[in-house]
Amino acid sequence: MNLYHYASPVTFYHLAGKLIPWFAWSAGLCTLAGLYISFFVAPTDFQQGEAYRIIFIHVPAAWMSMFIYLIMAFWGAIGLAFNTRMSFMMARALAPTGALFTFIALWTGAWWGKPMWGAWWVWDARLTSELILLFLYVGIIALWAAIDDVRRGDRAGALLTLIGAINVPIIYFSVKWWNTLHQGASIKPSGTSMDDAMLQGMLIMAFASWFYTIAVALYRVRGLILERERQAEWVKAILERD
Amino acid sequence: MGRPWGSSSMTRFLLAVLRRDLTLAARRRGDWLIAQFFFVMVASLFPLGVGPEPQMLARIGPGVLWVAATLASLLSLARLFSDDHQDGSLEHMVLSPEPTVLLVLGKSLAHWLIYGIPLLAIAPVLGLQFNLSWEAIMVLEFSLLLGTPILSLLGAVGAALTLGLRGGGVLLTLLILPLYVPALIFGAGAVDGVIAGTGAQAHLSLLGAFLILSLMIAPWIAAASLRVSLE
Amino acid sequence: MSEPSPQLSVHDLACARGDRLLFKGMEFSLGPGELLLVQGGNGQGKTSLLRLLTGLARPEAGEIRWRGAPIHKTREAYHAEMLYLGHANGVKDDLNPVENLRFAEGLQGRAFEEERAVGLLTRLGLERCLDLPCRVLSFGQRRRVALSALLLADARLWILDEPLTGLDVHAVALMEGLIRDHLNGGGLAVATTHQALNLEGVKVQRLLVGNVAIPELA
């Protein structure tokens, strides 16, 4: 099997078209199941009451915000190293979703913080890191928006993502260092302090976020392919057919 | 390719970049003064905003001075490559047989000498305005000495990425400020540590480590960005 | 006379700007003592071609070779022998002509010979401007400063984008003489120009970029 076959825009366009419904349906089903478990199956937390249920959205969103950034950095590095146009398009397609999840993580964090801490915003290490991550996403998107030339934009964005990715762990560490007083990590991978149903709900919501991200990214990539290949015959044929 | 690092033409190249930028800065002292005054003015605005209580000023002083230094550095970084880009000399420098990394390194170093070092001279005076003790001022100086090169090095990446773009200056700020966060935290934290009596050693070590990392990575990414922007 | 072996060659070169293909399948090869005159209307890709040849821009497809090796693989060796003069002069307004040459040489990683530099500036008619900042010089005089840097560098290959723009009649004649000397000394040159060049006794190749034909230049 030839990987370059799938790296060609034509093949990828059609492949993505076939995959999108699958991921979209999976995302929908997982969201329904996850929300059902989160709100009706998972027990009430004896310390935090009902308000804790926001973490079923907050935690997967925070995970996704970081994963997506790393994946963008990965695609950027591949694009710079091998000069593959599809990788740059993948990075561009992922960025808005990453920024969206970062924003959701911040927003739900504030909602959760109000009853827990008594304030909408606390300079907690995680929330602060998320805020800086949002700045990084906004910077990359702004840079893309400012550069008209596709080729330059792709590469410049990739380089910025890369230096950001190297910096993210340092930022996270420094912010944590800066704020030694913060909520103990309640979500550990071992999950010993959590009820099974809680963990299940959270994992299913995480899967829902993944499927949603993939579906939306593929949808955006299709748009980007049509835009960039608009001179190609096969794109003209598609556009005329529709 | 094939030539060892440190060959005489490379040294000559690096020195030429440095001397050229220093000479040009000496011919345009106005620009240089503006950056220094900007630092003083930003720092002086804070007491007007939060009130003149000596204790409070000593509390916020280290952070305010560090933020002001960061902004002052960004102000001058916007023109790190753009002046040379406009008159065409940047292309000549990139087309030199010497590595572009060396060019970026030389220009970052020149930027630090021209805009970073003077901040060290002004900071103690501002420190007194903020009611900082002599000990705290000493640490502030040391943290700025370690930290301002980081600002020039990381800023060069932003300057290279935004070369020739509309609104490049504002965009540069947006791109680079988040990357400055660790320097700001460790730098201001060192001074806070002295004031709180917990010591500055750990912060300064981390700041030094961040400087070394920036020195190893930023010039390569800035050189790559410069090539992308000139294409 | 036997054909000298080609030193700068272009193979199946394509260049795009945005999603407009400027040219494709371009082939030529240029040997010592030869001038390539690039012609074409505005926006047809003359400057883009020159930037590809310098290595500043990367081609959409194809390859550029210097001494038989692709230029992106032997960048340093290539740039040591190549000199580019673009639309912008690369002359710093705050420095005087001698200082400009001094830094231009340093930036090429070479030692500066002041007497030779002053000699060149004098030859180009700038003897009365030696200690004036270039800011006060006229456009044509600044162009001459840039040309002196070109001569000082002693490069094998010149890539000149509109070298005659802003020059008066005397300077054009001087420029023609310089190009002729350079080629007769075994150098190569690629140039774009809208003006007619008098280059008797020089081997000139003409290359039309783009699809709009323009009348032959004299």
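Going in written order, the chains are labelled A, B and C, and every chain counts its residues from 1.
Criterion: a residue touches a chain if its C-beta (ideal position, glycine included) is under 8 Å from a C-beta of that chain, and two chains touch if they have at least 3 such contacts.
Nothing here was measured: the structure is a model prediction, and the numbers come from that model.
Taken as a graph of touching chains, this assembly is fully connected, with contact between every pair of chains. Chain pairs A-C and B-C differ in how many C-beta pairs they share in contact, with the greater number at B-C. Between the Cα centres of chain A and chain B there is a gap of 32 Å. Separating the centre of chain A from that of chain C, both taken as means of CA atoms, is a distance of 49 Å. Computed centre separation for the pair chain B/chain C is 37 angstrom, with centres defined by C-alpha atoms. For chain B, residues that reach two or more other chains under the stated contact definition are 231. Residues of chain C that touch chain A in their complex: 18-19, 21. Residue ranges of chain B in contact with chain A, taken from their complex: 154, 157, 161-162, 165-168, 171, 174-175, 177-179, 181-182, 185-186, 189, 206, 210, 213, 217-218, 221, 224-225, 228-229, 231. Those residues of chain A whose C-beta lies close enough to touch chain C in the complex are 148-150, 228, 230-231. Residue ranges on chain B touching chain C, taken from their complex, read 1-3, 9-10, 12-13, 15-17, 19-20, 23-24, 27-28, 86-89, 91-99, 230-231. Of all residues in chain A, only 80, 132, 135-136, 138-139, 142-143, 146-147, 151-152, 155-156, 159-160, 162-164, 166-167, 170-171, 173-175, 177-178 touch chain B in the complex they form.
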